[in-house]
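Pasting the structures here.
There are two complexes below, and they share chain A, which is joined by chain B in the first and by chain C in the second.
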Partner chain A sequence: MILRQISRLRGAFMIAGWSGLGLVGLIVALGDFLARFPAGHLHAGPALAPPSALYPFGTDLLGRDVWSETVHALGVTAANGAAAAVLTLVLGGALGFVAMRLGAAPRLFLRWLMGVLAAAPALLLAIVLIGLSARGYAGVAAGLAAAPLAFVRAFDRARSQSRSRRSEYARATGISAATLIRRDLVYEFRGVFLSTAARALAAVAIVYSTVSFLGFGAEPPRRDLGLMIAAAEASYLGAWWTAAFPALFLIALILFARLAAGLDEGERA
Partner chain B sequence: MSGVLVEIRDLALTRPGADRPGLERFSLSLQRAEIVTLLGEADSGKDLLLRYLDGSERCDGALGSVRFGEGEVLPAGRRTGLPFRAAYLPPARPLPLSPRASAASQLSRIVARKLECPRGAAREDLRAALARIEGAPPFDQFRRPAESLSDAALSFGLLAAALAIAPELVLCDHFFDGLSPASAAALCSALRAERARLGFAILYAASGPQAVARLGGRAIVLRQGRIVEEGDAEHLMSGQTHAYTRSLFGALPQPLSPAPQRPTPRGEPLLQVYGLLLQSGGRKAPKAPSRHALNFELRRGASLALLGEEGSGRRALMRAVLGLERRPGRIVFDAVDIGLLSETMMLRLRRRVAIVTGADDALDPRMSLFDTVDEPLRAHLRLSEDLAAGYRETALKRVGLHAYDGRAPVSSLSPFDRRRLQIARAIVAAPLLVVVDEPLRGLDAIAQTTIRDLLAEFRVEQQAAFLVITSDFAIAQVLADEAMVFSEGKLAERGQIRSLLSAPKTEATRALIAAAARRPLSPAAAPV
Partner chain C sequence: MRVALEESGKLALGLLGALVLALALSALSVPGAAHSPRAFALAALARLLAFLRLDFGTSRITDLPAVDMLASHVPVTATLIALGALVSVALGAPLGLLFGSGGLRRVAAPIVQIVSAAPVFVAGLAVAYAANRFLGWPPGAGPFPGPGELLHPDAQALRRVVLPALTVGFAGTAAIHVALRRAAAGEQDQPYRESLRRLGLSALEIDRVYVAPVILAGLFSSLGEVVVAFIASAVVSEWVFRCPGAADLFVKSVALGDWNMAGLILFLFCALSLVIAFIGRLLGGAILRAESQA
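After this line comes the complex of A and B, so read on.
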């Protein structure tokens, strides 16, 4: 009975999560209409003005409208997060299913390599990858950093499938590994695609924003939510709105993604 | 010990969410120490009644009345639980215990909960019950994870747990289903012996008449929630009044009398096995020839039964023949020595093999009905969509699944439909060899008849060779011409099935015949 109720709640969570992500998408799409000022517009108002009817989220140290800046930053974070999530899905999820059906040597090597990479915190991995490439690739780095854990999950899922009776039945009637990969991609991956995508989005949004917060992400004047929070460091104690609103938007983005994944345990960030 | 144990009057039960009652106007007077078998198909209401009595099924708005022993008559909707000890015996598959935990500890926990006693005491009760049951495995074997036990061993464990609580009523839910005739016969003897000792009543839900024949007592035939016939088991075995009852009893396999000899297929050899060792660990053949080495051949269109109990070596032989396990010896399939083939080439060769198995998880539950049938056509022959659709339609028509929604996932199909789907998949693959592995396991009587007939037709029309793995001589008799009897990993005896039936030479063969012959086999089934 309790399990059934939890399962029903999970469905409601997922609907709420996807609705929230839809709302985020709408805000990003209508960003230019919703924001009163273009991104990085200085002296839109007095410095550190508190929230008011004219400036609903107040202004920051340089007189930028925090509402307009937050809407633009949400667009940057969401776009990078979505691109990184796609990378995680392809290099992690899909490759995990394919790798399981490869020959013994490449299969074991890939599982070992990804297992080692998955053991490292994704944040540190992302910083290392940015160091090896360039600062503008923070989104790609976040996607690559979250991929090993997604790979391991997909690989282990495919391995449990391959040990099942249906796999043996297929092998005994001459069904090739390529057909079994197709089965996994069409049925298994399709079945969990949405929840995996949402989980990946939550994971990479955390990694990407933290990387930006630490100064390795978006380059000014282009700002994302992580960088906005970092820039508010000097004024936060006296003007809470400069960091609180971007942080709330970031929390909402991650929470919606987690809910959309059915509150499944996320890839470790 | 006499008197009424359970008195049910005009009971009507409806499952939550169902639009019609699963059981209607059902009346039963179950005496102490009586055996009653409820016989019917899946939706006949027998399972619902068992679960209602067990208290595991919530039936809102139950109508009618129920009385236990000498107690007062209660409205059926107000019943809270049985006022005496009752045991519930499920079938061994699907696994009724947690697969990875020790079976002994789980069974002890069940006994402890029923007896409301410490776990240690329950364990001793379970041990004593196991020791009492003839043919039961030793207690130590149950220390292993439940999933590692054979179906027969697990059934003995479940029976011991039920008997350890000294019940007054045993509710058997298809308890013998999926077991070999020998195991079912052993368990039945144990159940009857303990009943004579403890004096409990048995209410057995069965989908086939075999249980009626084994247990005796009284039988109630149910169809779509209503009683269609009722009577003494012996009386019902000898003649049935209702057409539905006749169809259920007609599903029994043909008698184990030597059938007329069929012409031996004269085709080229399809499968040749030389010096195969089933018990050897390594892949290399021993230097000296072993007396346990297997040598046989299977001609195109012929059928060979591999008979034996679980663990007797039949599946090991099947796996070796299909190249899934390498063993010492030489196997030639379709004029190709499979020992010389790489895994990729072996995979190609296995395209000419189809399997029909009694395991319901053999098909991918995520795939649709159409995709399941199409897959061999697309993967092996790379046929276009239109061409594949034509073959698929023909195959689905032959097995009676053509009216189903082709996009429905396999997981939504009943075990009977899944079995038919396996046959449709086998038909489109146009195999040279069909491996049939316990094809009737877990099916109700009418479904068994249909599957048996479909397989027999398939064999005649497709002219494929059949390798039939079974523990039931009656099935072997219908589907095969020759048989090899296995025991303890070795070949015990081989020959034409009619010769084995008329003059069995080994104890293993005699035991298999005796187990199958316990059924009151009807003289109807025609040989292929």
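After this line comes the complex of A and C, so read on.
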């Protein structure tokens, strides 16, 4: 009875999460139509005007319309977050699962390497990767930085699966290793692929926006939410709207992704 | 004994990996190292020989020995993490135990997700805004107090420390809460609970005697992840509140291409999380063994 209630509640959260992500997608797709000014348009209004009918989210220090800027920045954050989540899924989740089935030497080496990288916060790894490349690769760096932890978790899950009685029976009946990998991959991702992807999106959105806040992400005029919040640091104590609205959009994106993941415990950045 | 040896081996390999990572970064500080793989390999070899002589290079920013720079910045980060850990234990453990089981767990789940959806830098800015608005505290004003001043802090020193420590503490609370809830979730619907209830034990007795040790062991086993969360939040907190700590130094070092410094700091943070994870796994395993013997 209770389990059925939990399952129903989880389903409702997932629907709410995916609907929210759909709404984000819609805002991003219609960004140029919804935003009243192009990205980075200076002096759209008076500097630091509070929210009003004319400027629903107010204006910032340089007179930019915060609503228009937030819509454009959401697009940059969501696009980079989605690309980074794909990288994390492929290089973390899927590779970790396949690596477990490799020969002893590559298997142990990869597990050791990823274990060491996972001991460092993904945020620091992303900063190093951007420092070694360029700010334009912040999305890729966020995806790569979040991959080691996803790899370790997928690898350890695959190891416990391969030691299960079901796998021993399969091997004893002569099923090939390749068939076993294919079948376990299907089991791993079937039904949970979307929630795994949503959880990865939540994790990389945090890393990506934080590196941007620290000055390692998007470059003006193509700002993302992290950079918008960083730019608002000079004015937000007197003009809360310059930071509050981009922060609310960022929290909404992460929250929708977590709800879409079925309220699984999120991976921290 | 076998488990301890196995874990010690894993720790040694992990520390070796962290050292290789630091070495690779440090090699980039050698002029021309990035031009070809051969030049990089030679630079890495030169840095390895220097590391063996305990020469960790000089900072490109200040031209001071990297170790001295690190030693002058670490106390700030250590203070923030220690105070943040105190806040986390004071807040996270009771919240985790309160909302970690039973009906409250289901009620708390959405609230926890909403609160923890805020990235640390957003939480830090919110804390700074609230302190400025309601207490009139200017963010990040004045020098960061040393350990001596922290033992007998004045109002200025307290103001300087409380906000970043609270931010680290909130992030740590979320990490501890997640670890406790993850451990509790595994025990929630175990069949032995029903058997014990039929034997006449109350839900509280079952939780206290049988479930609590397992949850505690789960928390200890996740200590590595908790420490990583503390370090990440210290990076952001030091940046938001202008605290001159090692995490802040790391960000500036990477931005300015000071790879000797960045490598050394990354090694310190990796080593810290590997050692704490090792201790946590040993303690978690010991609790579970003691529980199964009892």
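Keep this in mind: the second predicted complex is superposed on the first by the 265 of 269 C-alpha atoms of A that agree within 3 Å, B and C clash if a C-alpha of one lies under 4 Å from a C-alpha of the other, contacts with A are read in each partner's own complex, and residues count from 1 in each chain.
Basically, a contact is a pair of C-beta atoms (placed from the backbone, for glycine too) under 8 Å apart; a residue touches a chain by one contact, two chains touch by 3 or more.
Predicted model only: the values in this text are computed from it and were never measured.
Touch criterion met: A:S164 reaches chain B, while chain C stays clear of it. By the touch criterion defined above, A:A12 reaches neither chain B nor chain C.
Shared-chain residue A:A122: touches chain C; no touch with chain B. With both complexes placed on chain A, chain A has more residues touched by C than by the other of chain B and chain C.
By the touch criterion defined above, A:Y187 lies against chain B but remains apart from chain C after alignment on the C-alpha atoms of chain A.
In the superposition on chain A, A:L30 makes contact with neither chain B nor chain C. By the touch criterion defined above, A:A172 lies against chain B but remains apart from chain C after alignment on the C-alpha atoms of chain A.
For chain A in complex with chain B, the touching residues are 164-166, 168-176, 179, 183, 187-188, 191.
Residues of chain C touching chain A in their complex: 13-14, 17-18, 20-21, 25, 28, 106, 109-110, 113-114, 116-122, 125-126, 128-129, 132-133, 139, 171, 174-175, 178, 181-182, 189, 224-225, 228-229, 231-232, 235-236, 239, 250-251, 254-255, 257, 262, 266, 269-270, 273-274, 277. The residues of chain A lying in touch with chain C in their complex are 3, 6, 9, 13, 112-113, 115-117, 119-124, 127-128, 130-132, 202, 206, 209-210, 213-216, 226, 229, 233, 236-237, 240, 243, 247, 250-251, 254-255, 258-259, 263, 265-266, 268-269.
Listing the residues of chain B that touch chain A in their complex gives 322, 324, 347-355, 357, 359, 361-367, 375-376, 379-380, 429, 435.
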